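Listed below are the structures to be examined.
Shared between the two complexes below is subunit A, which has subunit B as its partner in the first and subunit C in the second.
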Partner chain A sequence: MDKGLLAYLLIPLLSAVIIPFAARSRARLADILANVTLLAGLLNLAWLALRPSVIAGGFADIPGDGFSLLLVGAVYLVGLCVTFFSAWFMEDGQANRPAYYSLILASVSAMTGVVTTTDFFTLYVFIEVLAVTSFALITTDESTKGIEGALKYFFLTFPASALIIVGISILMLSLGSLSFETLRIFMASDVPPGPVTFAAALIMLGFLIKSGVVPFHAWTPDAYQGAYAPVSAHLAGIVTKISGVYAVVKLATLLRFFDGRAAALSEMLMFLGLLSIAVGALAALRQKDFKRMLAFSSISQVGYIVLAAGLGTPLAIMGAIFHLVNHATFKTVLFLNSASLEKSAGTTDMEKLGGMEHSMPWTSWTSVIALLSTAGVPPLSGFWSKLLIILALWEAGLRGYAALALLFSLVTLAYFMVMQRKVFFGKKTQAAESAPEVGAPLLAPVVLMSALIVALGLLFPYFYAYAKMVAERILL
Partner chain B sequence: MTYHNLLFVLAVFFALWAVTAKKLLTSAIMLALLSVTVSLIFFDLGAPWAGVFELSVCAGLITVLFIGAVSLIRSDEEKHPEGRARFYALPLALAAFGIAAWFYLPPFLEELASWRRMAAGTTTLGLAIWDLRRPDLLGQILMLASGVFVIKSVFPRRTEK
Partner chain C sequence: MSVFAMDWYLIGLLFFVGFYCMLASRSIVRQLIGLEIISKAAMLTVISAGALTANLVLAQALLITMIVIEVVVVAAGLALLVKTFRVNGNADIWRLDSLKG
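== the complex of A and B ==
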């Protein structure tokens, strides 16, 4: 475990335990405690990574492998946006308010555990904590759809856990240790891999189910659509990315796909990645509900990360890492905007919405920024990560994959354009007439994230230096 | 040896309690205690890894899941009368088991004890948990805390209705 980052796990846990006691008589204290905890953590991280001296030194002073630090930053950022948004979104009299914030902080704590651990079993324990907290969070408002989504999430992710634990035990039998480092050293040696790759494949399969990659995506749209509105942003923005996609990328680096020792696994992963991109994008084209469309778009974007992880070259890993962070920014914006729509217009059905741009201009234009970034339009951040992935594919001689990845990027643009026209542009419908723009506190996290999308795009050279440092440290 | 046998007796006791308990929650807790006992037996037999994982997965994680699931069940659903007639056969089954155990259990326990003597002094419980799997403990604490939050999140909604 990365001890330097342990505090980022312990402090939210501590706050989560304090909240139910502190907020017993004044429920609002729960909001304040949760927000302050996450904001303090985020400022601390910014001090660690974004001091001028650190940037000038090419990020050489960053402790650990840099990957953990970056993801802890993403976890805290999305967590803060969600808690800040919830503080104003949640009804005043809601009985389980303190428990809601405790669960969010516990999930932040668990995600920090996931990204800082260096051992497969510890990873498993933290991922299960994440599954438990997500299950309770999805059902926060107790709608029938939420419970349906939560149950589907349960039924599909627990077989995944079983696969992971079987894989871990085979790994334990064949390697004698569960640490990441042992696997990495083993894969770098010349010993025939034998059962080790089989174990890794089982673990990988489990994590693919948890990340909602096609053909294991059945739970994703229902869980995202049915979840309590701010929770779907938390879930789609960061939770499934950490509990599934992060582990896939980590395994890809440990298995050293680029030197061809686990070629079959690498090819399989790339194929599933491309399949996800295609199926997610084509299904998103046909959706009528805003949140459901975003869920399919999420499946498609996860496909890009998995495709890059399957390729496994340093450039591809850089692209995967960058796309993971980008995905957290733009999906949070889009899901929080869908929550604003739900609050203001009372529906997320795209047939009933229309012309929302006139009454909700901020929501509309932040959506435009996020969707252009998702589709990979320059100079927004999504463009750079997709460019890195496509370049890596081209460089490795996989021109067909590169061309298809590019093509489906255009399909992404198409379905988002259709969405934007149906929901925000065009004639005002009845729902739009009576829907005012949401208040400034609800817009603040969305505007912050949109600014970040633009900033990450424009300041790409700095981010490239960081991602390069990470790729060098975790691969070489 | 006494400690060892005591663990076996406790395991059987908790297992029986788990299947005969009227309340689902009691049943889940007894199952957790059974897992704790089994993991202590693992430690005693010199399998610290199996013990730690049993403790982590079964006693910690599965229990939280069970308790979470039980808390989701509506209170009126618990009031259905259940057929407990089949449990009246339990003493008979226990007697049959006792007679069989009289013959088979002593040599089995003796063999286990010899394994235990072989394993003595390799890894202690504290060493296994604290030195080998310290980060897991953190995960366990987080898991238990989450379990409490899940219950706190689900129960107020129930009582409201």
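== the complex of A and C ==
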């Protein structure tokens, strides 16, 4: 456990315990408590990492390996956007407010635990906590679809947990210890890897199922589409990324793929990454529901991260880390916009929507920014992360992979353009006539995230310095 | 056959039974039971690994934590089962097909 960041785990947990008691008679108090907790944590993190003296010193004196700090920042940012959005999105008496905010804070706390732990067993414990809070959150509005999505998620993630446990016990047999550091030292030595790579492969398989990479993606669209609207932003933006993809990237750095000691595993991972880029993008082209299309797009973007993690060179790991953060920003914007559409027009079916930009200009333009960033159009942040990943592939001599990754980036642009034309541009349909723009409080998180997408793209040199420092610290 | 080989033979058997139970049955209750069998098999691997490496103390500590997590997971699964039954009037996993595309 990284002691420097322990407070970011404990304070939301404390808040989660306090909220049901404090807000028993006044439900609005739950909104305020949750938002204040997350905002305070975010300001504290910004002070820790973005002080002028830290930036001038090249980010040398931040605690831990920098990777966990960055992801704790992303967790708090998405958590704050989601709680702020839901404070105005929820109608009074519709759902159990104190329980909802308690669960969001518990999941933020569990995610902080996942990104700061330093051994496999603690990782497993926090991932289970995260999974249990996600089921409860998906079914917040008690709709049939939500329960169905949660049930599918349940029956696919727990066999994955069993695989992780078996991997952990084989690691105990062959390595004698469960800490990340032992595995890293072992992989750097000359001892034949044998059962250790087998154990790592089992653990990685479990996490691939949890992150929804293609052969195991069946639960992802259902869970995202069925979930309560702000929860799907939370789930797609950060929860599944932390519970699955983060662990895959971490394992890739621990196994030192660039050494070629676990070459078979590395190749397999890259193949699965490319497969999910392709299948996710092609399936997204023919979706009729906005949220379901976003879910398939999410599978495709996760593919880029897994592909980069499978390559494992410092440049690729930098790209993976940056894409993980970018994915959190643009997917949160798009899913929160779909929630706004659902509230205003009453549907997310792309056939029924049309011409929404006349009545909802802010929602329309923030969607444009987010989708251009997802597709990798310069100078937005998504361009830089995809550039890093494709450059790393080219540098490693994998020209075919690089070309295909570039090609499917164009497919991303295509399906998002189709979406934008169907939903926001064109003639007004019946649903759009009676759909007013949502209020300023619901737009604030989306506008903040869009500003962040532009800022990360324009201030890329600073971020590059940070990501380079992180990649060097976790790889060497 | 050594004790270790017997352990893992039993574990493999339990895994098979659990996965078969999950694949072959339509009822969500049976699926949950299959899931439980799978996770019990996974727990046995931990205790077997601990016994073999003479590290039973660690293995027991891990196992107790896993059992606690297991209880929470089963509670969540049963809650989902009850909700599904109330909404749909049945617990048939093949009838959960309202989401597609």
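Just so it is clear, the second predicted complex is superposed on the first by the 474 of 476 C-alpha atoms of A that agree within 3 Å, B and C clash if a C-alpha of one lies under 4 Å from a C-alpha of the other, contacts with A are read in each partner's own complex, and residues count from 1 in each chain.
Here is the rule we go by: a contact is a pair of C-beta atoms (placed from the backbone, for glycine too) under 8 Å apart; a residue touches a chain by one contact, two chains touch by 3 or more.
Just so it is clear, the structure is predicted and the values come from calculations on it, not from any experiment.
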item	value
Partners on subunit A (subunit B, subunit C) - clash or fit	clash
Touching partner for A:Phe121 - first (subunit B), second (subunit C), both, neither	both
Partner chain(s) touched by A:His217 [first = subunit B, second = subunit C, both, neither]	neither
Subunit B versus subunit C as contact partner of A:Leu103, first or second or both or neither	first
First (subunit B), second (subunit C), both or neither touched by A:Ile165	both
Contacts of A:Thr139 with subunit B and subunit C, given as first, second, both or neither	both
Touched partner set for A:His323, first subunit B, second subunit C, both or neither	neither
Touching partner for A:Arg261 - first (subunit B), second (subunit C), both, neither	neither
Touched partner set for A:Asp289, first subunit B, second subunit C, both or neither	second
Identified clashing stretch of subunit B versus subunit C [20-28, 56-64 or 92-100]	56-64
On subunit A, the residue positions that both subunit B and subunit C contact, one per complex	121, 125, 128-129, 132, 135-136, 139, 142, 165, 172
Sites on subunit A touched by subunit C in the complex	121, 125, 128-129, 131-132, 135-136, 139, 142, 144-145, 147-152, 154-155, 158-159, 161-163, 165-166, 168-170, 172-173, 176, 221-222, 225-226, 287-289, 292
Subunit B-facing residues of subunit A, complex	1, 9-10, 13, 16-17, 20, 95-96, 98-100, 102-103, 106, 109-110, 113, 117, 119, 121-122, 125-126, 128-129, 132-133, 135-136, 139-140, 142, 165, 172
Residues of subunit C touching subunit A in the complex	19, 22, 28, 31, 35, 38-39, 41-43, 45-46, 48-50, 52-53, 55, 58-59, 62, 65-66, 69, 72-73, 76-77, 80, 83-84, 87-88, 93, 96, 98-99, 101
Subunit A contact footprint on subunit B (complex, rising order)	49, 53, 56-57, 60-61, 64-65, 68, 72, 133-136, 138-143, 145-147, 149-150, 152-154, 156-157, 159-160
